Amino acid sequence: MQRIGVFVCHCGSNIAATVDVKKVVEMAAREPGVVHAEDYQYMCSEAGQAKIAAAIAEKKLTGIVVCSCSPRMHEATFRKCAERAGLNPYMVEIANIREHCSWIHKNMEEATEKAVILARAAIAKVNLNAPLKPGESRVTKRALVIGGGIAGIQSALDIADAGYEVDIVEKTPSIGGRMAQLDKTFPTLDCSACILTPKMVEAAAHEKINIYTYSEVEKISGFVGDFTVDIRKKARSIDANKCTGCGACQEKCPSKKSLSEFNRGLNTRSAIYTPFAQAIPNVPVIDREACIKFKTGKCGICSKVCAAGAVDYEQKDEIFTEKYGAIVVATGFDTIKLDKYDEYAYNQSKDVITSLELERVMNAAGPTKGHLERLSDGKHPEHIVFVQCVGSRCSDERGKPYCSKICCMYTAKHAMLIRDKYPDVKVTVFYIDVRTPGKNFDEFYRRAVEEYGVNYIKGQVGKVAPQPDGSLLVQASDLLDNKQIKMKADMVVLATAIEPDPSVRPLATMLTASIDTNNFLTEAHPKLRPVESPTAGIFLSGVCQGPKDIPETVAQAGAAAVKAIGLLAKDKLTTNPCTAKADELLCNGCSTCANVCPYGAISYEVKLINDHGVREDRRIAVVNNALCQGCGACTVACPSGAMDLQGFSNRQIIAEVDAICR
Amino acid sequence: MQELINRAKELLADGTVVRVLGWRKGDMDYNPEVAYFNSAEELDNFVYDGFCGANLSKYMIEASKLEGKTLVFLKPCDTYSFNQLLCEHRVDRDKAYIIGVGCRGKLDIEKVKAQGISGITAVSGTELDGPDSIKVSTIYGDFDVAYTDAMLERCHVCKGKEHKIYDELIGESKDTHDMDRMAAVAAIEAMSPTEKFAYFQAELSKCIRCNACRNVCPACSCRKCVFDSTKFDSQQKANVDSFEEKMFHIIRAFHVAGRCTDCGECSRVCPQGIPLHLFNRKFIKDIDELYGKYQAGETADQRAPLVNFTFGDAEPSIVNERGSK
Amino acid sequence: MSNVSKIEKQAALIREISGVNPYKCMKCGKCSATCPAFDEMDIKPHQFVSYVQEGNIAALAESKSLWKCLSCFACVERCPRDVKPAKLIDAARQIVEREKGGDYLMADEIPTLLDPELPQQLLVSAFRRYRR
Amino acid sequence: MPLNEKTGEFTPKIVAFCCNWCSYAGADLAGSSRLAYPAEVKIIRVPCSCRVNPMFILRAFEKGADGVILCGCHPGDCHYSTGNYYARRRMTLLFSMLDYIGVEKGRTRVEWVSAAEGVKFSTTMNEFAAKIHELGPNVRLEDLRCKN
Amino acid sequence: MKYSYYPGCTLKTKAKALDAYARASAKALGFELEEIKDWQCCGGVYPLGADEIATKLSSVRALADARDHGQELVTLCSACHHVIKRVNDDMKNVDDIRTRANNYMQLDTPYAGETNVLHFLEVLRDRVGFDELKKKVVNPLSGKKIGAYYGCLLLRPSEIMTFDDPENPKILEDFIRAIGAEPVVYPYRNECCGGYISLKEKEMAGRMTDTIQASASGFGAEMLITACPLCQYNLNQTVDGLPVLYFTELLAEALGVKEEAMA
């Protein structure tokens, strides 16, 4: 018989305001096995934990139930507390009477009754608990960073600087990501390339970093400390070891009509190309869909002009497998498609562009060589209208329900840069709210208004109508004046919502990392574990977790790196002891369990079994504790009930069911 | 029948097998028993006729533990069970010498009795090569009964006359399939929830929990049944009907779902005449309709539907559309 | 019935008839930016939401806007918050028309409004829109 | 029959099995967002929806539960990759069998609720509880011997 | 191919041409419009109020009739299309409206949105196909610069009408191309002409049509086409405006059945 202690937490008034904790103590004390029950203001506090430890010692408790917040919050805390007091940590059960009770019910009587039942279920379970001992698994001292933008580069550099091998996998031909496409950065207005390229070079030169561009993650298996990843290196059609990066091939390539991805489709590139001049590696790829050689078998000019003989039309995709201890996801973002927002005439006029396209227009390496001009006719614009919140803060399916966070600031930046360089250009910004929470951010926005004379109007744009004379008629609200405005503009720039890069969806499935309804990766805890995925060993870096600007991205990238380093620094990991275990006397050896095991953790051995005096060789399932992750699929597949899950045994769960239905 | 005995004697004599698993005469013509034969002499009691419905596959679990090979006679439908057991590593292929025996459907004495015939003393003409009607002798005189009229329900919905696994074949099999296997299930599906509940309540209340169904079932072959172990706090042997009616048979059917070959032994042996196969067939029907046709025991290396999935499987809510109106 | 409870009832009725939750509005003004009849309206489309939120139904009922709204659904289409201002306006119009004497079109007005080309559907729809 | 002693109203017993990674966290989120659902719903934490044995569900009914709901990660998002796919087949067949023996539809349900779907968790539980209220007490599966 | 056909009030009176050209063209294109028996006026305005039932019943009647004939329901007038399509959506998706409407109607088989409602233009695009139509054109309207006027009713609310991109539609432009003419795209083709208010607020409606007309002619259109008798009437009120024609008239002309249609 267990000797159980029950500890009911008030959580200040979080629990105590709706649950009569005294009553819970009183009722729990009557349950079988319970020899001690008490309540306290904050069980998780030092004093609360001291009470638990004292009771364990004094009452010689063999198991405890803490009625408090979610086990996802403090189970680990109370387990550690029990362990310090000499009790096996797996003899602790939590009754969640906060998130699942006091916070959702208003009626005290009802909530108290439910809390009592939840406590009862936990007591029934702990009566059947057995001490468990965690196992150990090894840690592969190598990290994988998925995505080679500023987030991935920063995470990789930090991990590599700590002395661990890092592989960066980037799906495009060069690292650099979105930041490489930006012209200037806020709120300092320094040049994006000037601060990014040194980082790219540093990553490329780092002896601990391997960069796999034009590559994608194909398959991921394993678990924290021991992931096995298949990476596909797409055929570049160029031998990177031979290529000198001279650029002759690109110059001579006759197929020059493909839209440049790097310049957001605003101009074209050759079929053999490096996305931009500072690309790393400076090795081109052949776009096989556009290449004349691949389409018709004729041409081959690039091969002829390549002095190094690097062009290899026969190159094939290559898949290699590598093991990693930690994975950092840094897949970044893209702007949403504007197909469903044609009231802004994005598809009807070349002079309506997104902000990211404006970055390319403003950039010296962009389609207009950095001259601000209309893309339709090359004319210098007299008036530019910026529209905020295009697709952000939308509750319908056209857009995104969240604030994209960076638009207010980059719009202020664009407005300021334009007014600075071209004082003759009038700039109007239509906004719903100007959101500038950040260091020097509001000051920056105010400078745009006060020093640069940018005209901010509160109100949304309803329609952009292209006019026969080539101008754009912008119809908008001025809410402060309660007017409808119609103004002519030469260009309209849309602050388009950002969304996670679509590649993150299949990746999350491979990683078994959870993802929210907007396809942002979910963090383990929104406040306390913001850079970790709930899936152990997966860390989040940059916009894949939520909208953020460059300094925030870099900060998070560093934080993710530190978490990864903390993992890689360990030689062994303690494993979850809640693993499956087969009862040898009951096992049929039928292999049903192995069929459903996602980890290949179950194997079969022929063993001499003594079954009530009958000795015979039997085929028996054996679970590898280092591989088993404790899902329990095998326990239900097992027809005889031989396979059980420690910590969540059949009898424990049934005891909970019984306690609830009593 | 003599051919089987002769062949068995040969195999015993040349040492291919050390024992024979078959049927021997029972106290009446219509209840032969499953038996081991260890010598040529013992084989004199061997019988193979229309009443040898018993599926010998399950006995091969124990036979697989014995020294030497066992000769086992399997009817076409029994071979599915053998394959399924092989798939689950419960029988040892190397310990079995399988003679696939011909079958023209097996008989059910209850079907004879249901025709108003009582006081049965003997039944003849049930051999594989026998006539189209059997002769039933009773204390009131002799009666002729058409062979098919005395056949087990399962033979009317026979899976086919082909043996799925064997070492050699003796005897011709006949196609006896002349009914829709799922008709009875579909009829129940069409009832209202109240009718369904009443139907099963009435049938299952007859259960005396003798465990014959469990013991005969080739899929129900666990070393220890969950109903006898402490693992689920579900051990209960006392016959208290409210449990039997609602849980035991559902759990049993679920445990064999995807593994049941629909051999029909459960219903054949039930002393209370409960149509237990209707549970198993419901699962088979659902599996066929939701996850694609699947026949357990078709081969020995299939992946059973409950340890398998596709990404596009139906959601459980499909039951709301498919189930009772 | 007290005045307060009548207002509350009417505001609730507007929410019910329109099926619109005015609290979803984030006051971006896109409806008013979109509205082709904006200049003719005394209470502007985005203000309708505030009036319903505040329960100022009397002002809505007297508003010219009820009769100026074109029911063109441009605001419904473009509203990023799915508030559907046109439905609010229509609901307010319903409330006025359903009260005795609220009709905006009288049968004896018709002859003076007709012209030879005028399609039938304009009369039919005017009756539907302006009368109960 | 679980009638409220004071009001005489039917207060059902509802067991909700929630997987640790998605749905239990979704329930936590419903809690921290203060999204109410009836106190009749009691949650049992399991590592994965595939841990739920049909016997647990039958057991709950036998012991007098009026409704049982299983919540897990959305298909494709299982923390253990494939657990919910097995659970989906098992529950589909079990529910179909319960329907076959005449148990009212709607006493059982499976819903995929992610860690981010606090709202969905709460709405699901509200709907499910309403459905159980509509169906009334479970008399067909309850084992009378289990009553005190 | 046979479709159930709902003409609506105006097509029997002031807009007879819209109807006649459509029928003749349909014949030329190999499909038939079978007029629903005893159809009633749709009311011209979709009743927005969630509590309005009676005003939706005439649409339900037409929809159920098409369902009973196992046919898709084709409309021609934009207003009828709008009303019937939206009522159909209510019957399919709004439990309360479906239940109450069926209670009123007492049909042999209750109606639950089974019928597929198609505008004549959708038949041309999705059933006939513009490529196919192009092949059947005998009298291409080459050189004609035509502005399409969509108006509101066909496009919005787009989630229910699912007719075309509500902000940048192209079905009429594709149609214009198919009959050999040149489409003129102008930004006000999906802005309201004020048709509904043109009875009581003539001046206001006039200002709206002026904007549309000016925009279209500014981009070089020589004429406007529309599917809506109300728009056609209203847009024609602009003094010295572009001529406004029904799209079916041009279709019949291109197919060479114009005379036959009016015979």
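Per-chain residue numbering starts at 1, and chain names A, B, C, D and E are given in the order in which the chains are listed.
One rule holds in what follows: a residue touches a chain if its C-beta (ideal position, glycine included) is under 8 Å from a C-beta of that chain, and two chains touch if they have at least 3 such contacts.
Owing to the predicted nature of the structure, the values given are computational and were not obtained by experimental measurement.
Participant: Which chains sit in contact with both members of the pair subunit B and subunit C?
Facilitator: A
Participant: Enumerate, in label order, the chains that touch subunit A and subunit C alike.
Facilitator: Output, common partners of subunit A and subunit C: E.
Participant: What chain lies farthest away from subunit D once each centre is taken as the mean of the Cα atoms?
Facilitator: Computed centres place E farthest from subunit D.
Participant: Would you mind checking which chain's C-alpha centre is most distant from the centre of subunit B?
Facilitator: Relative to subunit B, the chain with the farthest C-alpha centre is C.
Participant: Going by the contact definition above, tell me which chain pair has the most C-beta pairs touching.
Facilitator: Contact tally peaks for the chain pair A-D.
Participant: In whole angstrom, how far does the Cα centroid of subunit B sit from the Cα centroid of subunit E?
Facilitator: Each chain's C-alpha centroid was found; their separation is 67 Å.
Participant: Rounded to a whole Å, what is the gap between the Cα centroids of subunit A and subunit E?
Facilitator: It comes to 48 Å between the two C-alpha centres.
Participant: For subunit A and subunit B, what's the span in angstrom between their mean Cα positions?
Facilitator: Centres of subunit A and subunit B (C-alpha means) sit 54 Å apart.
Participant: From the mean C-alpha coordinate of subunit C to that of subunit E, what's the distance rounded to whole Å?
Facilitator: Computed from C-alpha means, the inter-chain centre distance equals 25 Å.
Participant: Specify, in ascending order, the residues of subunit E that touch 2 or more different other chains.
Facilitator: 167, 191
Participant: Listing for subunit B: what residues touch at least two other chains?
Facilitator: Within subunit B, residues 226, 232, 306-308 contact more than one other chain.
Participant: Please output the residue numbers of subunit D that touch at least 2 other chains, ranges allowed.
Facilitator: Counting only residues that touch two or more other chains, subunit D contributes 53-55, 59, 76, 82, 86, 90.
Participant: If two chains touch, include that pair; go through all of them.
Facilitator: The set of touching chain pairs is A-B, A-C, A-D, A-E, B-D, C-E.
Participant: Under the touch definition given earlier, write down the residues of subunit A that touch subunit D in their complex.
Facilitator: Touching subunit D from subunit A are residues 70-73, 96, 98-101, 103-107, 110-111, 113-114, 117-118, 121, 508-509, 512, 514-517, 522, 534-535, 578, 596, 598, 629-633, 635-637, 645, 648, 650, 653-654, 656-658, 660-662.
Participant: Which residues of subunit E touch subunit C in their complex?
Facilitator: Its residues touching subunit C are 8-10, 13-15, 41, 43-45, 47-51, 55, 77, 79, 152, 155-158, 166-167, 191-192, 194-201, 204, 208, 229-230, 232-233, 236.
Participant: Give every residue of subunit B touching subunit D within the complex, in rising order.
Facilitator: Subunit B residues touching subunit D: 188-189, 191, 193-200, 226, 232, 234, 240, 242-243, 246-247, 250-251, 253-254, 257, 279, 282-283, 286-287, 290-291, 305-311, 313-320, 322-324.
Participant: For subunit A, which residues are in contact with subunit B within the complex?
Facilitator: Going through subunit A, the ones touching subunit B are 583, 585-592, 595-596, 604, 611, 616, 619, 637, 639-642, 644, 650-651, 654-655.
Participant: What residues on subunit E touch subunit A, complex-wise?
Facilitator: 165, 167-168, 185, 187-188, 191, 215, 218-220
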